[in-house]
């Protein structure tokens, strides 16, 4: 079985088994966050652009779709589609400003623009509810199927996640994906080869934003509220860290990272109020010792095992 | 025998839930336990109040030996992180996974509105104490109750009492937090003020979470008021009071904190800043009722200092819930709600009655005057209560037109 | 609009602008010399305030505290740079970001554990309490002091960087690290010194702010965003630019608050976005 097939099997198994062991709401949140991470990783892992303001697209989509769901009762497909579009458009706007810069500038710019959206949402209380967020988001039925029960919604979200993962896989294996990776490796070379680098980067933004927007709408419908945090820099930071912890060098890194991050934050936070301290310590440790994240650690582990097995195998095959 | 096994499974489920992995409600069969949720902030902007809210609620439950109507009370707390999103999430999880049917809290009014939605959706009894009119007003519904006094009651108590003590202070400048609650209190103060012949020389609105009050202070000073009244709370009130003092406006000009949590805010200031401050609050620990005296005594004995508003509110709300269960002789939510409507008791702050039409608790509101440094008998001796008022919200202002059905 | 109000607002804007300039210079030095995104800058600001509070509690002297608090933060900076940042020089921005953000969490939670999450007040020293009648308006003495003190510090930092040999080395480090190393200068020591200097500046900004805004564990959060705006507006590594940008931002906030208070925070970021749209290298950056 190929590595890819193995990975898909593992993911399908996880999707099916997760709700048995974990509260449905948390399980749903894990897949939503994974979609969010996929969007980010197109920028961060594949294009080499550390977008530290991804919550801008997540939150904007959540607010717009949430508002229309709440006050205009739009149907769920329209809400999802809108979320994707809003995510893409806001990403295009932010991306346009940011792709002209690189390195530190780029990071700081994405952060600062995120702050701008955040403070706009914070102060525009008549529309967004400000600090209180926008509660009362309904969860309309899908083609007549009621998805109010936690397990039903979980199923819907998990399905969308698998679809998103498949689409992202196609994207990164497509010519666009290859170009983005080329840009990550050597931007000047890519430019010399004739690619319009800023436009490619912008494309990455838009696609990443679309995924983030989808995640945003799903989040709004999960708890029936669009909280202010969903557009804040902490959310932006969380998805970056989750992806780095999972391993930004792989397609599945964001998925693993989402698991680790959400499970950890949920379980530790109910035990100790000062859990952000542990989170900070975890970041420092990962950064100093486990830079490739879980995926790399896993790969290293298998490589170590293979290296230590080789002599025995060779011994068995050695001619007498 | 099978009950034991069930209980063991429940214990396992509880432990796993605490570890973030919860066995879904499917395994949590019938139980004689009554899970009650205290939704408090242990992290985030209001993280200082979480632990003391917990204390207050626990004290009220312990008084009953953790039992009510023959059932053992299982007291659960969840951290709302002072965020509407987290509160919604955790409340729903507690309801779905732990079978919670009764929620007390949260602390922040914005978060409370989100939790109130959850209560309505999940048909859970919910008692809240804080700065919003909506829970007993525009967003009223059968499942949420409001413990804090109506802002009208607060405004009337504050203005009437202050004018009685300072009849010549006719020029008022208002500094209002820019959100619905602030606007309501502002409206009521102006209404009541008319009756006293007060001239409102200025009224500025500041965004919630404002840190830079210098602009507002200079504007206030420019109007040469006889008194400055702030309608905000928490860090905004503390920062505002500090700046007003830094600019030299107080203590010459008296400063009113219209809707304060009392101890929690006053402790963040210094005696110099508090001089000539007049404070309105839903509770202060020198309140002279039998229940309050007992509560303050036990709290002081247990924890070393007097209780602020937070533990008192948690204590008070829990007691109201328990009174309702007594009256209903049941712990089923619809029965308790019906019993709570019209409930009349002599409790923490005095005579308390729950208005069945709006679920607003009609009760006294306190007005205090802060002490000068040398008049303070101990470091927490911030103020003396000089009056209480209980005028309820007049019917024409009531925004709760139809509380709906269960 | 009345003249006294406008005048006070301008003074407020200058005072906060000076503090923003301090934060901007500190961050500019760190990002310029070390080329890392320092997401702990806000937390270091907060730490400066808390150190000031504690020294005053222990010793009772504001001036001593104002000297020791920033030095304390600078010392912590040395430890952070040596232990955390040095191993990550070549690691890429992702990890540096993770590190500094993790540090900001550790520092903030540390403040909560050591001091408590409840906000605290710190009065200015007795001779700086109350206000002065400036003719046009009445203004708090302490705020005037902050304006002057911050201006002096900013000037001092500029003098150091422009006129001393060490400053020249630092500026060279911003321009071209490799050249500096080739010239035989210990690049590691340069980095540690630069980071520590940035921390000292953040710490003193926090210490100066404490009597105005009080103390709470999250007081650095907003400052971080503003510091980034100042640096982005100025152009990375441009120190004079940071001063001008800091003042601009402070004044903009102050004046916007007069007419549109709700937008007074968001407007800073909007201005930054607008400037960068027209001039991607910032107001003073070279590209």
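Letters A, B and C mark the chains in the order given here, with residues in each chain numbered from 1 onward.
In the analysis below, a contact is a pair of C-beta atoms (placed from the backbone, for glycine too) under 8 Å apart; a residue touches a chain by one contact, two chains touch by 3 or more.
Computed from a predicted structure; not experimentally measured.
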Winner on C-beta contact pairs when B-C is weighed against A-C: A-C
Chain whose Cα centroid lies at the greatest distance from that of chain A: B
Averaged-CA centre spacing for the pair chain C and chain B, given as whole angstrom: 37
Between chain A and chain C, centroid-to-centroid distance (C-alpha), Å: 32
Of all residues in chain C, the ones touching two or more other chains: 112, 262
Two or more partner chains touched - positions in chain B: 47, 178, 207
Chain A residues counted as touching two or more neighbouring chains: 122-123, 274, 276
Chain C-facing residues of chain B, complex: 45, 47-48, 178, 205-207, 210-212, 214-215, 218-219, 221-222, 235, 238-239, 242-243, 246-248, 264, 267-270, 272-273
Touching residues on chain C, where the partner in the complex is chain A: 31, 35-37, 84, 87-88, 91, 93-95, 97-99, 101-106, 108-110, 112-113, 225, 228-229, 231-232, 236, 262-263, 265-266, 269-270, 272-273, 276-277, 280
Residue ranges of chain B touching chain A (in the complex, touch as defined): 17-22, 24, 42-43, 47, 50, 78-79, 83-86, 88-89, 92-93, 96-97, 109-111, 113-114, 117-118, 121, 178-179, 207-209
Of chain A, residues touching chain C in the complex: 44, 50, 52, 97, 100-101, 103-105, 107-109, 111-113, 115-116, 119-120, 122-124, 233, 237, 240-241, 244, 248, 274, 276-277, 279-284, 286-288, 291
Touching residues (chain side chain C, partner chain B) in the complex: 2, 4-5, 8-9, 12, 16, 112, 116-121, 123-124, 129-131, 137-140, 142-143, 211-214, 216, 218, 222, 253-254, 257-258, 261-262, 264
